[in-house]
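A short write-up of the structure that comes next.
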């Protein structure tokens, strides 16, 4: 029996009487593309926060491959290969894209602690950072500070930072959020070209993206997993239509 | 928009960022001018160099890592007293005394850094303030050790390298202080341009993103805080050695507040901000010292308000903006 | 021993009540807008000097000068809010600190220029002087007055918060600013009014402080540290927090001075650091 790249068991979280996660059991096999959908307030981002360690669960366990990571700090989970991107751009405004990705690379390679050698001396890290930016077609503007980049480019930089950590499991929180039509093609090709060695779980509201890329869809409502299945199964399910595609409020 | 300075090779771009600029070289050559132009003011010049080093140490934690400390004088004063006591107890050799005092400040910084990393916002500001005040009170009470309000007496320094005596003219004092300042400036410059410096800027720019890229922020903060404590300690020790006295003022909230004002005035996060701020502040204060001290507070207060409202990145920030707008018009 | 312990408690509590009046405004506005107004004690100082001028120069009765101390501080704070503070609501903590510290420097210099650097005297009416005997204890009349005023103020504040519409808006804005705006509450206006009230209270506190701790040109600076301690330890945005923290601080300070005079202010700073390390958001703080 093959081990999932990422799995959770019995994950619970409440804020007082507000239940944001209830008995979440998730299994993400290696190399797969799963989508997590649900109405606003269903607890999708909360789940990502629980998995990455930004939020502590009341109960439950989280596994990366065979090892349990429930007790690890967020940065330790990243070192184990579990990485996320943010729904709202969480970047370094005054660092150039090159510097930002180089920082992530240096952290991974353990160079970030050294203060007696200048950054350009770590040629391998710089080359790797540049290569990542090239693969995401950000190389042309990588010398400019992040706040000067177009919104779509910033979304790509979000992903670049995640890729720089060489993840085994990648959690994308609404990667296409707010990206205008003209720039989204770029984003989609990046997602499509993500290495098959990475398992991806992405939250999305844009059903085009979901049906295009997901091998399997998980539907969350009110902190619980309602059901999971292939895109065909989900599209046909009356419950999902009722809760999300049909009657649910958006925004 | 592709500017003419965009280079194809990332390596060359990064090297270009950290290259020595001509204005920097001019600045350091200018620090030699007091020997020639104002030989009567070398004591003041050495005080400025010491304050500049102190401000530089604060820049590392405030300008680069984003930690607001209202108690940084603790390391300055602690090392000052250590250096003074070392000399008073018989060992007056300057350089080794400096090392001992800096090490003491470093240990204190290392220990307190564990407290510092656990807090943010108002709690952090108040804790740094509180720790500084605690140390100042302790020094006040322990007058058997520190000399209390009268200050530490009997600090006699030996000749530097066995040749140069610290005297009233300040020649040795300024040479010594300037040389040490330059050495630690080089250290700070290298640190800023290293991967560690990049990590610090990452913490300042977005503390939330750092753990998400696997960065151990607390460890980074502890490291820079310790280094900053060592540098502040070197400055404090220099003061004790060049003036051959130590007073409670070196540990006071006043000194912590002053260095903060100096750094903001010059511009935090720009390496030279503390140096520029120190020069302007100390020269101005020296000019004003004859006049009513209240006038000094009035003008500093007004200047502070003006800087925050109109020059948010300090004098160097404003200068950089001018240069940028001048370039774009050309 | 017991008699003096009670005396220390009483004097300490009175001192704490003074600190409460001085601090409560800052706690609420900090909790609401996260605007670090270190010049809060400058408004307190203003109120104090208004009372000094009215009673000494113009012969007003002490009690009559108090409402004016309140009003003048409130009005001046409105002017500052309109002209300067408003632009810095989104600025960093540090920038707000620096701007308001600059204002403190200027206020200290101006006070010294106008009034000199000596302690200001105040003429208390005879019915506020001396002491009365309560259950065998000798209690200062002025301190009783101070405690009385504070309790009245606390009651009014709590009642206003709980039972008035404005109070409900204040509570909402402190709790969750974005949500409050979303509900249609004019948070900026609520803040402006609260800020004026808080500064007015500070002014009142400054006037009341003259008899207890004295008033000089450096008041804005000297008491800033105590006010910050009360606010940080009590928790931002909490009246109850300010009340408890101020009482604790007042009593510890008095006890420290009485029983351990060699320690000086060491005890206060130690208690503050220890409390903040245990509960960084303050005793009654949130988040």
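We call the chains A, B and C, going by the order they appear; numbering starts again at 1 in every chain.
Here is the rule we go by: contacts are C-beta pairs under 8 Å (C-beta built on N, C-alpha and C of every residue); 3 or more make two chains touch, one makes a residue touch a chain.
Since the model is a prediction, treat every value here as computed from it, not as a measurement.
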item: Identifier of the chain whose CA centre is least distant from the whole-structure CA centre; value: B
item: Farthest-lying chain, centroid of Cα atoms versus that of chain A; value: C
item: Between chain A and chain B, centroid-to-centroid distance (C-alpha), Å; value: 41
item: Interchain centroid distance [CA atoms averaged], chain A/chain C, Å; value: 48
item: Inter-chain centre distance, chain B versus chain C - centres from mean C-alpha coordinates, in Å; value: 34
item: Two or more partner chains touched - positions in chain C; value: none
item: Touch list for chain C against partner chain B, complex; value: 30, 36, 84, 87-88, 91, 93-95, 97-99, 101-110, 112-113, 117, 217, 225, 228-229, 231-232, 236, 262-266, 269-270, 272-273, 276-277, 280-282
item: Partner chain C, residues of chain B touching it in the complex; value: 62, 68, 115, 118-123, 125-127, 129-131, 133-134, 137-138, 140-141, 253, 257, 260-261, 264, 294-295, 297-298, 300-305, 307-309, 312
item: In the complex with chain B, residue positions of chain A that touch it; value: 52, 54, 73-75, 78-79, 83-84, 86, 90-95, 98-100, 102-104, 106-108, 111-120, 122-123, 125-127, 129-130, 140, 142-143, 161-162, 164-165
item: Of all residues in chain B, those that touch chain A in their complex; value: 2, 6-7, 10-11, 13-15, 18, 190-191, 193-199, 201-202, 205-206, 208-217, 219-220, 223, 227
